[in-house]
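Note that subunit A is present in both complexes that follow, paired respectively with subunit B and with subunit C.
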Partner chain A sequence: MPAIGYTAQVLALILALYAIVAAVMGARKNRPDLIMSAKNASLGVTIMLTVAVLVMEYLLLTKHYQTEYVAQVTNHDATTFFRIAALWGSQNGSLLFFAWLMSIFTGAVLLNKWGAVKTLIPYVMAVMNFILIFFVGLVVTVANPFAQLSFFPADGNGLNPLLYHWGMVIHPPVLYIGFVAFIVPYAFAMAALFTNQRGDLWMRTTRRWTLVAWLFLSMGLLLGGRWAYDVLGWGGYWGWDAVENAALIPWLVATPFLHSVIIQENRGMMKRWNVGLIILTFALVIEGTFLTRSGVIGSVHTFAQSAIGPLFLGFIGIMFIASLALFVTRWEILESDNELDSVFSREAIFLLNNLFFIGIAFTVWWGTHFPIISEALLGNKIVVGPPFFQKATGPLFAGLVLLMGIAPLMPWRQISSKKLLRQLTIPVAVGVVVAVVLPIFTQIKMKGAVMTFAFVAFTATVTLMEYWRGVNARHRAHGENYLTAMFNLVKRNRRRYGGYFIHFGVLFATIGIVGMEFYQVETQQNVALGESFSISSPFTGRYDLTFEGLKQVPGQPGVENTVGTLQVSHNGRVVDTIEPYREFFVRQQQPMTIPDVHRQGMSELYVIVAGWEPDGQSASFKAYINPMVNWLWFGGIVFVLGTLVAAWPATQTTRQTATAKSRRNVVEVS
Partner chain B sequence: MQSEKAMGIPTEMTRSRTRGKTKFIVGGLVIVVAIAYLIYTGIQSSAAYYLTVDELYARQSEMMGRQVRVSGLVDPTTINYDHQNLILKFEIMGENGQNLPIVFNGPQPDQMREGAEAIVEGKFDGSMFEAKTLLLKCPSRYDDTIEEVTVNSY
Partner chain C sequence: MKKYVNPLILLLSVVMVVLAALPALAQEPSMDEVNHVARKLNCPTCQSLNLEDCRTQTCDQWRDQIKDLLAEGYSEQEVLDWFIARFGVEVLQEPPREGHGLLAWLLPIVGLLAGVGWLAFVLNRWSKAAPPEPVPIESGAPTDFGVDDETLRKIEEDLKGF
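After this line comes the complex of A and B, so read on.
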């Protein structure tokens, strides 16, 4: 059985190599039969990798411990669910999984009917298979998940305890899909460069794919944060850990890309910038995968240091340099059709948004790589912690919140200052009122927090007004009632109004982030049975926690839980009993600290068991008050829904009217 | 989609191109400088040297009072934990046999045992290293991989 899996991997590698050669030759010599053959070979890659994955799942489910990987990530205690998920539980399996997901996307691209962009397809195939070859090559050579042990172990080691959580089980696949799906816009951009295309065809045709990639990447980040909050037990959702950053950085480059393509579509500008951004995004995706796996920067997440590090580095180098070389040789072709007319234009604000995002991306990248950079340049290994990232990116994030409100007010090309002032009056007034009222009437007094909330209020007002303007116009023009008008408005222009929905998600999340960054309080205490300790925050009032006892409870198979019981009183009144616990994975000799929370509105009291004395008469706890933290999760949900609205395929009729409209628009503008 | 707004352009259309361009370049530069400044001050305020125990002793005077991150194997015989006040004292071992005594205010992590590697960040006053954060790395028992298991403090 393992031999079948391995053979499938080898065949996938051969087919991918063949597909590149056939596709390029077919395009050069104009031979449709060769291109067809390349396409079939490409689909063959997808099929072969699917076979490999199925074989691996079969081995995992049938406890084939002679396969080293199976013994590494499962044991007799593992449930079916975690056996299946063990596919991405460690390095070699997750590489196979990664390659397979990527091949699903390349396969899906080829099954699509491409019509107008048909000429790009051979090159798209070549680029996609080139990337695939690297990953398939890894699992065929240095990271073979089908490697066999010389003996048949009685039992396996079992999955890393950190992974025994639903969030951790779905977080990697979601993140991987976000990563691999960027291969689609990247491959089309490269193909457009190869074939000397001037237009934005590559971008328009892959727009929805890009949004899907971005959606999954965003969800992966959100799930990762939620998992950390629920399982890691340090009271937060983001620790600026190297591997977390590795997933955030591509997102910070993909997001401005999603915005600046709109400029290119409307104004024929930013062509070079957009190509540059997509190259950078994909390169950062691969680099992020490398950081996670090479162990060059220590992190909670890293896999073992391994031989694949240098291979990755070489591949990133080749890919990046080749992309850049192609980019530079096509520099002239990508000349802008228009120039910026005014600072007061949507283009200019989008450009500013791009600069901010890239600035943040660079800052995070720099901080993450600083240990390596400083060691190479200064001979000293210097590390920067979370305070660096918070201080350096905080103001830029706040600036982005503000820009998010300004951009919708700006029309393309230019706006007269009179008109701008008129449009700004209400939102600015709301922002100012918030800035004045908050420090006087609420506990929010810190400058950074007040300012960010004022920005949030300003942007929320602008966004609401945008919806209102559209709805009202439809109401008057078509006599639709407000609800229908709202529905049709969004349906007619999903990207724009779905986009505003996403903006609302960001604003809600900002509230939660400000609450956590500025106003989280924590305490740690050792208490004897019956004793209490307290924690208070101006946002929630005072909590008294009484230690009522410690008990040993069997958890899932192979896990012993030690549960601490605490009675919670809020401002003197008993409101809840919470039970944070410590899981102990016997086989792996590893504990996990699982918090329990008491929710109060959008805020949360978050408590973990930090330790105890053997007699169970006293125990140590850590407690946090996380003000407004649930705004973050709520915002995340709104964010994802908004992205779905923006990415949902338009019906044929709306698509036609939209194209007709945008054509008309182009004529009007030029 | 912006037809109504797009028509409200006129007034300043005739402004000279070059002047416009310079303005954008200057604006862009201002932002780049601002970002560089944020990075610079951020690093100034939170950078820490990452050293081994021996390196710390070798550069003791230079590192005095500075934010430093040190890693080393925990000497299990030296662990002294006052659970009532949550004060944890232990030593990490240098390669040359010189231990670094550490004090940390917080609960003792379970993984503090033979073979665990501690990574601490804080300041060294010449005799005692006062750790603000403590992170433990354990050799996973059944796997040859090294995995970090707790983010104990942050």
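After this line comes the complex of A and C, so read on.
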């Protein structure tokens, strides 16, 4: 059985190589039969990788421990669910999984009807298969998940304890889909460069694919944060860990791309910038995979040990340099159609938004890589922890919240200062009122928090007014009632109003982030049975926690749980009993601290068991008050729904106008 | 031989005894005080977690060390220095703002300034370029103003009324 899986991988590799040659030759010699053959070979890659994945799942489910990977990630205790998920539980399997997901996207692209972009398709296939060859090559050579042990072990090692959580089970696939789907806009951009296409056809064609990629990447980040909050037990949602950053950095570059493509579509500007951004996004995706897979950030020494490290680095180098070379040779073709009319225009604000995003991306990238750069070049390893990232990116994020409010007010080309002032009056007034009222009447007094909330209020007002303007116009023009008008408004221009929806999600999340970053309080106390300790925050009042007992409970197979019971009183009144616990994975000798929470409105009391005396008569607990934290999760849901609205396939009529529109923009130069 | 004790020596010995006993008399530092310092240090075994949040045994020992040092009267900075002296600056969560650590802080600022410079350059060049030509609109083609056909038809219909 393992031999079948391995053979399928090898066949996928050969088919991918063939597809590149056939596609390029077919395009050069204008032979549709060769292009057709390349297409079939590409689909063959998808089929072969699907076979390999199915074989792997079969081995995992049938406890085939002679397969090294199966022994590494499962054991007799594992449930069916975690057996299936073990496919992405460790390096070799997740590389196969990654390659397979990527091939699903390349296959799906080819199954589409590409009337208008037929000329691009051969090169799209060549680029996609080139990327696939690297990943398939890895699983065929240095990271073969089907490698066999010389003996048949009685039992396997079992999955990393950290991964025993639903969030961790769905987080990697979601993130991977976000990563691999960026291959679509990247391949089309490259193909457009190859064929000297001047228009923005590549961009329009892949717009929805890009949004889907971005949606999954965003969801992956959100799920990762939620998992950290629920399982890691340090009271937070984001630890600025290298692996987390590896997923955030491409997102920070893809987001300005999604914005600046709007400038190119409307004004024919920023063509070079957009191509540059998509190349950078995809290079960062591959680099992110490399960071996650190689463990290189821990130390340069792990890099030397891991066989796939240098291969990855070589591939990123080749891909990046080749893309840049192609980009530079097409520099003249990508000249702007229009010039900037005024600094007071949406174009200019979008440029500023790009600068902020790229600034944050660069800062995070630099901070993430600094330990290894300093170790390799300066011989002095310097760790860059969360405080650095918070201090260095916080102000830029706040700036983005403000820009998010200014951009919608700016029309394309230019605006008279008089008109701008008139539009600004109400939102600025709201922002100022919030800035004055908060420190006087509420507990929010810290400058950074007050300023960010003022920005949030300003931007929320602008966005609401945008909706109102649209709804009111429809109400008057079509006589629709406000609800229907709202529905039709969004339906007519999903991208714009879905986009504003996303902005609202960001604003809600910002409230939660400010609450956590500025006003989280914590305490750690040692208490004997029956004793209490207290924690209070101006946002929630005072909590008294009484230690009622500690008990050993058998958890899932191979895990011992120690559960602490605490009675929660809020301002003197008993409101809840919570049971945080510590899981101990016997085989791996690894503890996990699982928190329990008491919710109060949007805020949360979050408690973990930090330790205990063997007799169970006293224990130490760590309690946090996380003010407004649920705004973050709520914002995340709104964000995802907004992206769905923006990415949802348009109705037939709107699509026709869109294609008609894009057709006029195709100007081929050759 | 004089049979009395020099009062100065007596005083000195009393002072020394009291001083030696002081740390023991001082109140034991609370867990929150220990955590406050631990937050600024890295966990020695796992990557990127700070010492406060890590629940491994090594980290327990390190936190006990902090507690002992605080009990001996070390200030927060002195505790951090104690760890730096033994494990190097890489025990710190935040890179130091001097020496090589300064590079971590400076480059993003330099990058951002370069970005601002580039933006100013681009904006300046674009706005100084030839005055914008009117955007050509093909006759009969739908306009590019983000107005859909339906709305356009409606507007034209409404205009007929005037």
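The definition used in the following text is that the second predicted complex is superposed on the first by the 647 of 670 C-alpha atoms of A that agree within 3 Å, B and C clash if a C-alpha of one lies under 4 Å from a C-alpha of the other, contacts with A are read in each partner's own complex, and residues count from 1 in each chain.
Keep this in mind: a contact is a pair of C-beta atoms (placed from the backbone, for glycine too) under 8 Å apart; a residue touches a chain by one contact, two chains touch by 3 or more.
Quick caveat, the model's predicted, so the values are computed rather than measured.
Shared-chain residue A:Asn338: touches subunit C; no touch with subunit B.
By the touch criterion defined above, A:Thr523 reaches subunit C but does not reach subunit B. In the superposition on chain A, A:Pro386 makes contact with both subunit B and subunit C. Contact with subunit C, but none with subunit B, is seen for A:Ala477 once the two complexes are overlaid on the shared chain.
When the two structures are aligned on the shared chain, A:Asn157 is found in touch with subunit B, with no touch to subunit C. Using the contact criterion defined above for the overlaid structures, shared-chain residue A:Leu378 touches subunit C, although it does not reach subunit B. Contacts of A:Ala242 after superposition on the shared chain: subunit C is touched, whereas subunit B is not.
Of the two partner chains, neither subunit B nor subunit C is touched by A:Ser532.
When the two complexes are overlaid on their common chain A, residue A:Thr50 makes contact with neither subunit B nor subunit C. Overlaid on A, the two complexes show subunit B and subunit C touching the same residues of subunit A, namely 232, 234-235, 239, 298, 339-343, 348, 351-352, 355, 359, 362-363, 366-367, 370-371, 380-388, 392, 396, 413, 493, 524-526, 591, 593, 610-611, 620, 661, 664.
Contact residues of subunit C toward subunit A in the complex are 31-32, 35, 40, 42, 47-50, 52-53, 55-56, 60, 88-96, 100-101, 103-105, 107-108, 111-112, 115-116, 119, 122-123, 126-127, 129-130, 132, 135, 138, 141-142, 144, 146, 148-149, 151, 154.
On subunit A, the positions that touch subunit C within their shared complex are 232-235, 239-242, 266, 297-298, 338-343, 348, 351-352, 355, 358-359, 362-363, 366-367, 370-371, 374, 378, 380-388, 392, 396, 413, 477-478, 492-493, 522-526, 591, 593, 610-611, 620, 654, 657, 660-661, 664. Chain contact summary for the complex, subunit B toward subunit A: residues 1-3, 5-13, 15, 17, 20-21, 23-24, 27-28, 31-32, 35, 38-39, 41-43, 45-51, 69, 83-86, 106-108, 110-111, 119, 121, 138, 140-154. In the complex of the two chains, the subunit A residues touching subunit B come out as 72, 90, 157-158, 160, 162, 232, 234-236, 239, 298-300, 303-305, 339-343, 348, 351-352, 355-356, 359, 362-363, 366-367, 370-371, 380-389, 391-393, 395-396, 411-416, 419, 493, 496, 524-526, 582, 584, 587-591, 593, 610-611, 613, 618, 620, 622, 661-662, 664-665, 668-669.
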